[in-house]
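Common to both upcoming complexes is chain A, partnered first by chain B, then by chain C.
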Partner chain A sequence: MRKIDFGEKLSNTLYLPFAFLAMVAMIIPVYILFKVSVSSPQEILTAHPSFLIRSFTFNHWRQILRSGGLWAPLTKSFLVATITTAAAVVIAAPAAYVIARMPSKIKYAIVLSLFLLRMFPEVAIALSISVQFLKWNLIDTNIGLVMAHLILNLPFAAWILVGTFETIPKDLEEAALVDGAGKVMSLLKIIMPLAMPGIAVAAMFVWLNSWNEFTYALYLTMSKRTLPLQTYYYVVRGGWFDAATYATILMIPVLLVTFFLQRYMKGGYLSGAVKG
Partner chain B sequence: MIAPLLLYILGFTLYPIINTVIMGFQDSVTGIFTLENYREIVGKVEFKSALFNTVAFALMSLTMEMVAAMGIALVLKRKFRGRGLLRSLLLVPMGVPTLVSGVAMTYIFNIHGYLNEMLWRLHIINIPVDWAGGGFKTLMMVSFADMWKVTPMVILILLAGLESIPGEVYEAAGIDGATAWQTFRNVTLPLLKPSITMALVLRGIDAFRVFELMLVLAGRTMPVISTFAYDEYNTYSNAYSSAAASTILVVIIAVFITAYLKIVSSGEER
Partner chain C sequence: MAIIASLVVTMVVGCGSKGVSDARKKVLKVSMGLAEEEWKVMREDIFPDFEKKYGVKIEPVQMEAGDAVKKLESMHKANAMDIDLITQDNMQLAPLVDKGLMEDLSSYRDMIPKEVIPALVPVGEFSGKLYFMPYRPNVEITFYNEKKFNEYGLKPPTNWEELLQVARTFKEKEGMGRVVIKENLGPDSTIHMFDLIRSAGGDPVVLNDEGSVKAFTFLKELQPYLSPESKKADWNTPNQYLATDSAYLIQNWPFTSVVVVKDGGKKEIKAYHGWSGPVKESHVLGGEVIGIPKNAPNKEMAVKFMEYLMSKEVQEKLTSKLGWPSMRTDAYGKVEDWQKPYFEAVNEALKYAEPRPNLTYWADVDKAVNSALREIIFEGKDIKATLDKYHDAIEQAKKSAGQ
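Our next item is the complex of A and B:
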């Protein structure tokens, strides 16, 4: 047996408190957000706010649900995210299938450039897009926003889907061709069902990205806000409770889907994915 | 079948970027090529501080994230009760939109917020600290907010790297009588280098692009290049100087992307 040295002793005693601290740190901001959204004003707007929820109230929630400020942005965000997702899958899935069947050198080059495209600063793209969309009368429209959100999500969806199609063996397809199925038939009947889980994951990530998206929405909106913009609007106006409540509403689907997708949360996906 | 994707990317990503770069060099009225926009923004105090803030923020948040992520990743490598819970809780910040994390942080760092309240109750401070007042404190605040949001992602990258290190290497180090620190310094760190560099480059790119977090937390007291560019376009309606500022950001990112490519290709050779 070798003797236990100082560094090891230190890490053996400290790792549990450290892990505990990390756990607490992960939850606190979310707790505080929720707390502000359900606390009475006298508990928050004071020099010494309390840490526990002392006077629970649904007033802020009730007000926002009634105010009419929520539904239009919520609907817009939902619509844009859903259309973006559908369009991204329709455009990216066939392309990803083709890319996945290419010789590995070309495939690698395309996948890498798709990945790199997502790294360019959004303000640089959004500026030019915004100037262009002004000319095309696409400011404040759902279509314009969908087109902008596709900029981020097409490369991303294609990137995930190439990985999905790669895992489907080529032999299956060839067997179907031998059995007399046409190219289209084998694609629809053999490949697509096998790729469905991957497509679903990609679709959910795309939906989240679009639901969260802020920069393009900010550049392309004058009056018809999305949910993130509505949240930001109350932050700027200093509406503490409105901002907290809107932020919580914005966060709920994201948290749910993230937990649902947790087995896909790996280093690789993440670097491109869950930025928003 | 690949054509729609490529056309879309060419038309709506590459073309706008090139367009922005060209706009940065054009005169706002005549369209003649000039360096006037650059001269104008470089002359602005806000731009100088934006440039400084961007670099300072990237350095600070990267350092904090890497240290914290390394610590937690090493802890997660151990087997202990609650490990599964810690792993699931890592998903919480990742499931919170950046904008929302910014909103949550405003409640914590507000002058009558929860951080000041905690420090006051612990008798560390008497007068509340104005975290958003500018300078180093504000830099600290946004770096911390960014750290909360993205450390889990860095942890997962590092953890994947840690788990790929074979156990025999540690056994050998143990037989040689290496101390825990020596093992970390001479075994773990070198073997983890590819993961660390990858995380650094990817996070570096994101740190330079930081936008909504700055907008929510620091507003105009602490501009970064991206919020400066947005302000030029939106508040001052000067698309051309905004383009110039964006171009500078594009150049910085391009440098990082080149670094990333170098790392990826050197990883291939091994």
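Our next item is the complex of A and C:
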């Protein structure tokens, strides 16, 4: 009979309470944001606002939905984030696969060099990058923003995927080759499906980063704002209820995309994949 | 591949041609930092007459004052300026001029109407050149919670002694300071220190004169009775403090009345012009000015629009529709009933408004004032010795700037 040590016992006991606390800590700010967006001003603008929603109103939502200022930024943000994610996965996955199969020393040198640009503060390089993009007439275009977001996200996507491909045994590829599959076929039919959890994580990471990105959007946007810029506008202009409503709306696609992508984040794909 | 192809197409299409340039002359891109309801007035009441008269289409661009430098700088460096005219917060002009982003408008000086409030003109001058035209004056007014003042039998303070008394009473009655002086060690606290020093007869750019010493001495005396929110107070947070009853007296920009009273329904929040110091009453003159970015594609039309914005007709509309005080002494408008008391407070405070000096070494002055504030008020250092130290720092910056 296996002996359970004290550490494991403690971890088993505290796991749930800690998970619950972490969940509460994350959910409460989101709830408050939602509450502000659906409460009357009188309920919020007091010395001691109630925790629960007492006087529900859909006015702020109605105002935002009717203002005509929501759909264009929402569409732009969604398009940019989705195209950035697709491009990042398409570019980073094959590159990461190749890097993962390289000898260790070269591999780590390349992975480190991927992060070279990320070692500088974003604001320090955003101006010079934006200047170049402006010269290319990419202001106010989706493609400009996608390219800017790829600068930020490609290194991370590649890094995540290098780690993923490393965990896939080379024997699997070799077995596929023995069975007559070509290199490309074994990559597409064997390796990629096995790498799906890592790809999903990378995609989710890139999508969220692009969806929330602010600095490049600020530089490269003149009149066609993204949703974070639109939210910023209301935060700066002092409209609490509009800002809270926009921020809540900003979260909805995040929930949907996370829900969709997390289906692919399953462990145990490789258990029993290679048997001697 | 798709991205690269799109990029090439974009670049090819984007390459300028004479046709594009002619089309651009029919468009005037105007950048302002406005709220929704303010844009509505611009679109419905201000732009159409100009568009009709000159056959031009005005394209409004929302640009916050704090972002203007970044955006204009990137366009300027890329040689792709796409904005024809900006209206900008007069507290944030120096970086635009320092970076060479604005046109020198000195040759259009005659365009300024003779009915202008005189103090507004120097705001746009840097080293003898006129870079910005007057557009919209603004000034901080004092907001107070009438219900709380009545509850404790207090009246809004009109001088330093009364201010101290009010702050002390709130602290004694509620165990917590309810008066806010902005001490966030940023541009907002600089404004409040300017007001305190000037109203004691001092010059904040000198910083160790008698008035400055008096101002810091008074603030030190007042400090124990101030709200803890003072350290975080900027131009935006006072709305929250007033709305949630964590502060009962605070000076801030007039837009607070829209956010807290009109939108928030806190009718007990009233306003008046403020208090005087031992020598006079003084408020930093804020507001917005008009500028034309260097290499603006449609400068000719921008100049016409600049003149139009300063006209009596436009100024009266801005007063009536938005409650903005006019830059002209001959422009009168009728503001909405709810807005009247706040508008009157602004007009009264404007009588005591003084522009902030336009110095190329402004950043050093700002840093010196806030460093003195931190050391004297938060760290308890000696007032005179600290002010002498920062006076020397300002003098050094002045010398380095060649002035």
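To be clear about the criterion, the second predicted complex is superposed on the first by the 207 of 276 C-alpha atoms of A that agree within 3 Å, B and C clash if a C-alpha of one lies under 4 Å from a C-alpha of the other, contacts with A are read in each partner's own complex, and residues count from 1 in each chain.
As a working rule, a contact is a pair of C-beta atoms (placed from the backbone, for glycine too) under 8 Å apart; a residue touches a chain by one contact, two chains touch by 3 or more.
Quick caveat, the model's predicted, so the values are computed rather than measured.
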Touched partner set for A:239, first chain B, second chain C, both or neither: second
Partner chain in contact with A:218 - chain B first, chain C second, else both or neither: both
First (chain B), second (chain C), both or neither touched by A:247: first
First, second, both or neither for A:52, with chain B first and chain C second: neither
Dominant contact partner of chain A by residue count, chain C or chain B: B
First, second, both or neither for A:120, with chain B first and chain C second: first
Touching partner for A:18 - first (chain B), second (chain C), both, neither: first
Which of chain B and chain C A:184 touches, first, second, both or neither: neither
Contacts of A:131 with chain B and chain C, given as first, second, both or neither: both
Chain A positions touched by chain B in one structure and by chain C in the second: 45-47, 49, 127, 130-132, 147, 150, 218-219, 240
Partner chain B, residues of chain A touching it in the complex: 2, 5-8, 10-11, 15-16, 18-20, 22-23, 25-30, 32-33, 36, 45-49, 51, 91-92, 94-95, 97-99, 112, 114, 116-117, 119-125, 127-132, 147-148, 150-151, 154-155, 158, 211-212, 214-215, 218-219, 228, 231-232, 235, 240, 243-244, 247-248, 250-251, 254-259, 262, 265-267, 270-271, 274-276
In the complex with chain C, residue positions of chain A that touch it: 41-42, 44-47, 49, 67, 69, 87, 127, 130-132, 134-139, 141, 143-144, 146-147, 150, 218-219, 222-223, 225, 233, 236-241
Footprint of chain A on chain C - complex, ascending: 3, 6-7, 10-11, 13-15, 35-36, 59-62, 64, 67, 70-71, 73-75, 77-80, 82, 236, 239-240, 243-246, 255, 258-260, 263-266
Residues of chain B that touch chain A when the two form their complex: 1-2, 4-6, 8-9, 12-17, 19-21, 23, 68, 71-72, 74-76, 78, 80, 82-83, 85-86, 88-108, 112-114, 117-118, 120, 128, 148, 152-153, 156-157, 159-160, 174, 177, 179-181, 184, 195, 198, 202, 205-206, 208-209, 211-212, 215-216, 226, 229-230, 233-234, 239, 242-243, 246-247, 249-250, 253, 256-257, 260-261, 264
